[in-house]
Amino acid sequence: MTITALLFASYADVLGRTSLDLTLGPGATVRDAIQQIRALPGGERLPPAPLVAVNLEYASAERRLAPGDELAVIPPVAGG
Amino acid sequence: MRSAIVTQPVNAAALLTEVASTANGALILFVGTVRDENDGRPVLGIEYSAYAEMAERELAAIVAETAARFGTSDIVVEHRLGTLELGEASVVIAVGHARRAVAYDASRHLLEELKRRLPVWKREGYADGSREWVDPSAHTPAHR
Amino acid sequence: MRSAIVTQPVNAAALLTEVASTANGALILFVGTVRDENDGRPVLGIEYSAYAEMAERELAAIVAETAARFGTSDIVVEHRLGTLELGEASVVIAVGHARRAVAYDASRHLLEELKRRLPVWKREGYADGSREWVDPSAHTPAHR
Amino acid sequence: MTITALLFASYADVLGRTSLDLTLGPGATVRDAIQQIRALPGGERLPPAPLVAVNLEYASAERRLAPGDELAVIPPVAGG
């Protein structure tokens, strides 16, 4: 299946892009997606378990992904 | 109650008016502004960016939770994005409540939740021309 | 810093502007307003009176003490006297500080000291035409 | 000696006036002045030890008064 991953702020800087498409096997979790992203050039500068959101809501590393999901990798937030 | 992620300057006084009511004995307005220094480094301005669709949802959820927990629907919040100059408001929170103690607590609770949960990032620009993403969770003893 | 006992309506937004500074990351505005109910009785309005010369001195002292204790001179307070209608502001406190937590604490400290020490009295007018001096120190279990 | 006493709010109501002159012996204290005020018609409705200010500052019952002092008898405050 294919899912879209969004990158923001410092994570977008280190990977040189703001989004990418990932191809994952059935039953893949957020953790699997993060491993794939961290294997990309610059991806090693992401933490092993960054904050993530799936379809606009915070999600755990164990969350199973479905085709068409929007995965967002969230750097340390600094609002306010 | 109302919340918004905006790109134009926030009118703090207008938000205060929104939460006024004859049922309220206390109105609290919090204005977060860009200050000229962070951890000892002179700051010239801050760029705010966000995962906008999620930030809007999350901010609305925080407002609804705060309203339920503290018993008032007179809550309005706006968070600004874009390039802000020194002194400009990044976030404005207006709360009205019958009781002053609860109004203070609700305002502060909402601010802390927003800082903890809102997918918003800021990059500070310094006097030496450099820019850096701010990580409030990082320990920087050298700059304390 | 500045404090005043006034007889005209307080311009809360103007007080907020007075404490703005590029050294401040947080501005807090507290507005105390006349609400339509007290201890279960419908209120129509409040008359505020004071020992004016002493109230001015005491308010200035509270502001100076708060400034010293919390480390900011960006504090402005106005307390109004006279006959106020529902929703009108009786007191407005504006505080600016580098840090949000300190700004909240300073605002609240100033308000509590003002309520404890300022020689100001209020007489509420009720829907049944009666009027009563308010004694916040009295226990009125029947109306709780 | 003569000192001026100011009355406010509910205390002015029960005594029917906002100020009065008191004649006190030398060395008289705030407590002596209050006793005199409480002996006036309506004065019994004041508490035995009300809050007082002398010359614009809060003062104790033991405070000695001097000629020309301005004594204010302060009902429970209700600002804010």
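Order of writing sets the chain letters: A, B, C and D. Residues in each chain are counted from 1.
Here is the rule we go by: contacts are C-beta pairs under 8 Å (C-beta built on N, C-alpha and C of every residue); 3 or more make two chains touch, one makes a residue touch a chain.
The structure displayed is predicted, hence computed values, not measured ones.
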item	value
Geometric centre distance via CA averages, chain B-chain A, whole Å	26
Inter-chain centre distance, chain A versus chain D - centres from mean C-alpha coordinates, in Å	74
Centre-to-centre distance between chain C and chain A (centres being mean Cα positions), rounded to whole Å	49
Between chain C and chain B, distance of the C-alpha-averaged centres to the nearest whole Å	24
Residue list for chain D, restricted to those that touch at least two other chains	80
Chain B residues counted as touching two or more neighbouring chains	32, 100, 111
Chain contact graph, described as a line, ring, star, complete graph or other shape	line
Which pairs of chains touch, using the document's own definition	A-B, B-C, C-D
List of chain B residues in touch with chain C within their complex	12-13, 16, 20-37, 86-87, 98, 100, 104, 107-108, 111
Complex interface listing, chain C residues touching chain D	32, 48-51, 53-55, 57, 79, 90-91, 111, 114-123, 133-138
Chain A residues within the chain B interface of the complex	6, 8-10, 13, 53, 56-58, 72, 74-80
